[in-house]
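Going in written order, the chains are labelled A, B, C and D, and every chain counts its residues from 1.
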Amino acid sequence: MRFFSDNAAPACPAVMAALIEANRQDTAYDGDAWSKRLDAAFSALFGADVAVLWVPTGTAANALALAALCPPHGAVFCHREAHIQVDECGAPEFYTHGAKLLLLEGEGAKLTPDAIEAAAAAIRDDVHQVQPHAISITNATEAGRVYTPDEVAAIGRVANARGLGFHMDGARFANAVAHLGCTPAALTVEAGVDALSFGFVKNGGMSAEALVFFRPDLAAATRYRRKRAGHLQSKGRYLAAQLLAMLEDDVWLANARAANAGAALIAGAAGGRLVEPVEANEVFLTLTADEAATLRAKGFDFYDWGVGQARFVTAWDQGEAAVRPLADAIAAL
Amino acid sequence: MRFFSDNAAPACPAVMAALIEANRQDTAYDGDAWSKRLDAAFSALFGADVAVLWVPTGTAANALALAALCPPHGAVFCHREAHIQVDECGAPEFYTHGAKLLLLEGEGAKLTPDAIEAAAAAIRDDVHQVQPHAISITNATEAGRVYTPDEVAAIGRVANARGLGFHMDGARFANAVAHLGCTPAALTVEAGVDALSFGFVKNGGMSAEALVFFRPDLAAATRYRRKRAGHLQSKGRYLAAQLLAMLEDDVWLANARAANAGAALIAGAAGGRLVEPVEANEVFLTLTADEAATLRAKGFDFYDWGVGQARFVTAWDQGEAAVRPLADAIAAL
Amino acid sequence: MRFFSDNAAPACPAVMAALIEANRQDTAYDGDAWSKRLDAAFSALFGADVAVLWVPTGTAANALALAALCPPHGAVFCHREAHIQVDECGAPEFYTHGAKLLLLEGEGAKLTPDAIEAAAAAIRDDVHQVQPHAISITNATEAGRVYTPDEVAAIGRVANARGLGFHMDGARFANAVAHLGCTPAALTVEAGVDALSFGFVKNGGMSAEALVFFRPDLAAATRYRRKRAGHLQSKGRYLAAQLLAMLEDDVWLANARAANAGAALIAGAAGGRLVEPVEANEVFLTLTADEAATLRAKGFDFYDWGVGQARFVTAWDQGEAAVRPLADAIAAL
Amino acid sequence: MRFFSDNAAPACPAVMAALIEANRQDTAYDGDAWSKRLDAAFSALFGADVAVLWVPTGTAANALALAALCPPHGAVFCHREAHIQVDECGAPEFYTHGAKLLLLEGEGAKLTPDAIEAAAAAIRDDVHQVQPHAISITNATEAGRVYTPDEVAAIGRVANARGLGFHMDGARFANAVAHLGCTPAALTVEAGVDALSFGFVKNGGMSAEALVFFRPDLAAATRYRRKRAGHLQSKGRYLAAQLLAMLEDDVWLANARAANAGAALIAGAAGGRLVEPVEANEVFLTLTADEAATLRAKGFDFYDWGVGQARFVTAWDQGEAAVRPLADAIAAL
């Protein structure tokens, strides 16, 4: 069984049903009935007036968000391990036309207000230095950790005080919300976030992510950028339908809870092996090469993570029952 | 019934079946079983060693192809009405980092070797002028016309003699092949084409186009550009599966033949109203405002096309039977 | 004697004297005493509050101006023969990150309000088409013609009504002002121009042009773009000193008058050979190959200009006396 | 007296004389007699076939060099304190269209082969990560330190083994050569350097730097990029003349020796205050706020450098005699 990425999971039943239901003639691009319902559906979820664009990948959502918040001659603060820095092949630089990512340290792949303030203070206010225009955080983080609403709000206050845009990469936003038990709004719009890459693909979608602007004015130019980037799919209704299906009956939250529960079960079995507290659906363990081989011999697939460590990721369809064999195998090491 | 775009059509049964079949766990991005079969499947179709990348839109395919063929300081010859110039919001300029499209005239939205030669000859060979690096043609064209293999090959010889890359926007490539009855190879690799945007979405796909490189070496850098543009979907198997389903049993050709047949039926009914010969699945008619209103009152949806003209596009599910009511209505005007 | 370009001329005495005078220690970049005087000096000239940046070339001035007025996903209306389209190797596309130049026709290389309105009206207001954000005109034009204040103001009203930025490429702005006898303000700020590339190099400078913003707010981001483009010279005082020297005692105007007078003398000798009315310092003549050879045999250097035509350009040091031999030789053909 | 930057110095007599000498009519851009002599003059200096382009700033030279060595989707290794990272407002990102600078640590602002190897080894060879394409070092470094020919060659071997381009930012290359007493070739072409930004402005020039390609094939596309960036000055002879004047009679080396001697004198007076060994023309000292105030009260101008430190830079006209008062004042603290 595969635990190397939640991207490996299939699409969930609600999404497949929605695709079949949407498989009929309608207006092209985002003029269709499904796309037109998006703003209202997400505004209801967040209790705020938001503008939403579907895109097929988190990379596209992140890069479009950053382009909306930072000019070509500007910079974005992010963590050294941020997905936008490490795993997007320079998409932020492409979409922003060459803005700089300024890399900060922080435990659990989390930024702190202090780290941002210190970095900002070290930049001379002259034309020789690239000036910061935005902050980007990932929630849940690349280390499987979760920012609380208070932590996000503290960064939001720094952003506000310094006139910086505030982006959240929420590839696993659902897992963060599920872990915290808070509202989606508490973690975003109420904490000063301007734009959220709301991930659905890792959480049971097939090919649709939501780029949510809490400042709806940012959406206008972004619609041009989306088209210009080749992301305005001509049969966009299939993306919109996926998102609506995930919102309906809180499928997104149920899926995330299942994945989190699977991860928690592994964590419980791992005990002292845990490298990071497990707060979402990723588990980082210390594991010797022999132990890793033992697990793989039993049919479990996962990534080595640096030397002597391994990463296990659970998906929406890998709740407690599906994960128990792995948990047992880890406990038996 | 809608005739304003083949983008309005649903996905065809083979594609929907393939998506359901592909809905299981597999490796992420393009490491899955379906994606790995693409090069072989398209190489078989073209009788040549090709490299293929899936992307979700024709705009992405076109822009990636041009970026592979033209540096930022170069230029691409295309027709004044080319989709890359008129309808992609500057995607070629985005992906090429600012290359110029040099616009040529030509009947039926077709370029001719003479027009290209004349334009190329007028460019001084110095650093003050942007130098041409590529030619892009659309087949079938934006006017619903079709380049024959001989016509393509004549342009291919110009490209070769001048050291220019040669791209074909084949959003309706299937319709062109269906009209001509030639092999796909005759219209591309045998005629000197370097890169083809092979359209599937308008022809019954849901969200997958194929960017085909007849010079496979061009694919390596393009794979980085695709990721960098946010087009490397994490569940790429759903795109690859669509393409494979369309190739199998020549679904792509059957679908195109059906659409062409529908267009031909309309053309037959239109008689002297035809603005352009109908060679694919688009029909351009002269139509007064009153006549257009009459058709719309009967439930037919289509685009006005300039003053006193209208465009009707048929899709894979709008063959002769589906289109007959429209043909009858036009004949009755 | 050379008449192929006013770029061939040396720097004028006032400029050389200023360089020698400025050759002492001062603060780097644009913090020096000369650079700090620029805004006031140009504001006095234009009778308006302007912000001025020195740059070494007209291409840099033009491209920075367009980047200030047009986003990457936008377009700029200009004449088909505009220097920004024909002779800058894509600098506008580089600095704007891929904006499109939309090419219009017009007699004497001049745009008209009607041509702009017609082109703007033909652009659909949707995300598939690049939307216009600016207009750029050249004064004097690439054909040696001059827009009057009324003509500029008419275009300025179109710009204002449509919310478009308005840029003037004034590589030969001095020659236009000298021809018209109007104030610099009448031709720019009073006519709705937002940014002027005020050329000095062709008019007796060595290496400094002035980018003048009549909307001073546009200068802030441009200062970053200038640095980012490598145009913030570390010893900027030498550029500022050139500009100040040219403004003092209206050297810029005297130089332009001299060049215009030289061109007028040629024009008088040319009679029916004139292809364009001579309104600045460029003369376009019909000339057979034999006649061209005759002139060249007498030591006159100039460009062929298409078939059967030639271009002669006079510089600040080619007033009536210097040009008389050429005028006589042309009259004698 | 100013010691905050060698940019504050005037142009040296040889340069001023050359400008006056060049102040006559000649062909525009780089077709003039001076520009045409550049390749030969620098090839003689380096004992190798080089291609040379003049540009007005080190930022332009650096950014053009990097654009020649690294594609938009690539990365450049450099030191965390490199000028290209810290003081060029993102010029490398602008010219490369968004390549990434990967920042390494190293004593004295110097890279080591080990640091580069370690960073390269940590990058996964897949499309998700930006792949390294070039290395850039600064000699003399931003800390006033000098790489020896052996040190450069060791990095050159890494570049060669990994297929990376190798750029040297030589804003103070002359000072490095003067310090080492080696040939310019030993520090560059013989050590595997592909492109050198050879600085002249800090060393007595007015407005000309040389971008030297030891792989002359890299120059062709760069000529287009230079024009496209607005750096092809129309009266380019004034830049070429400066460079030639500096090469003649080794003015560049004499100037650098003078500046280095001045710095050495300060270093001798500073004793234990030295933060870095003084190997070129920059001196970094520990200095209390009171001590700094004492020096400034005596008329010495310099930059604070972090907390409790200061930087003094000597120029070509600040040799031992000119600097003695400062040295005495420091000794007297």
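Note that in this section contacts are C-beta pairs under 8 Å (C-beta built on N, C-alpha and C of every residue); 3 or more make two chains touch, one makes a residue touch a chain.
These figures come from a predicted structure and were not determined experimentally.
Student: Would you pick out the chains that touch chain B and also touch chain C?
Tutor: Touches both chain B and chain C: A, D.
Student: Tally the contacting C-beta pairs at the A-D interface and at the C-D interface, and name the larger one.
Tutor: By number of C-beta pairs in contact, C-D is the larger.
Student: Report the chain whose CA-based centre is farthest from the CA-based centre of chain D.
Tutor: Most distant chain from chain D: B.
Student: Distance-wise, how many Å sit between the C-alpha centres of chain A and chain C, to the nearest whole number?
Tutor: A distance of 50 Å separates the two centres.
Student: Let me have the rounded angstrom distance from the C-alpha centre of chain A over to the C-alpha centre of chain D, please.
Tutor: Chain centroid spacing, chain A to chain D, equals 42 Å.
Student: Mind checking the centre-to-centre distance between chain C and chain D? Centres are C-alpha means, answer in whole Å.
Tutor: Distance between chain centres: 34 Å.
Student: For chain A, give me the residues that contact two or more of the other chains.
Tutor: 72-73, 88-90, 94, 97, 127-128, 224, 227-228, 232
Student: Spell out the residues on chain A that touch chain D in their complex, using ranges where they run on.
Tutor: 72-73, 75, 86-90, 93-94, 96-101, 103, 127-130
Student: Within the complex, which stretch of chain B touches chain D?
Tutor: 71-73, 97, 127-128, 131, 221, 223-228, 232
Student: Taking the complex as given, what residues does chain B use to touch chain A?
Tutor: Going by the criterion above, the answer is residues 2, 5, 7-11, 16, 19-20, 23-29, 55-64, 88-91, 94-95, 201-202, 206-207, 224, 227-235, 238-239.
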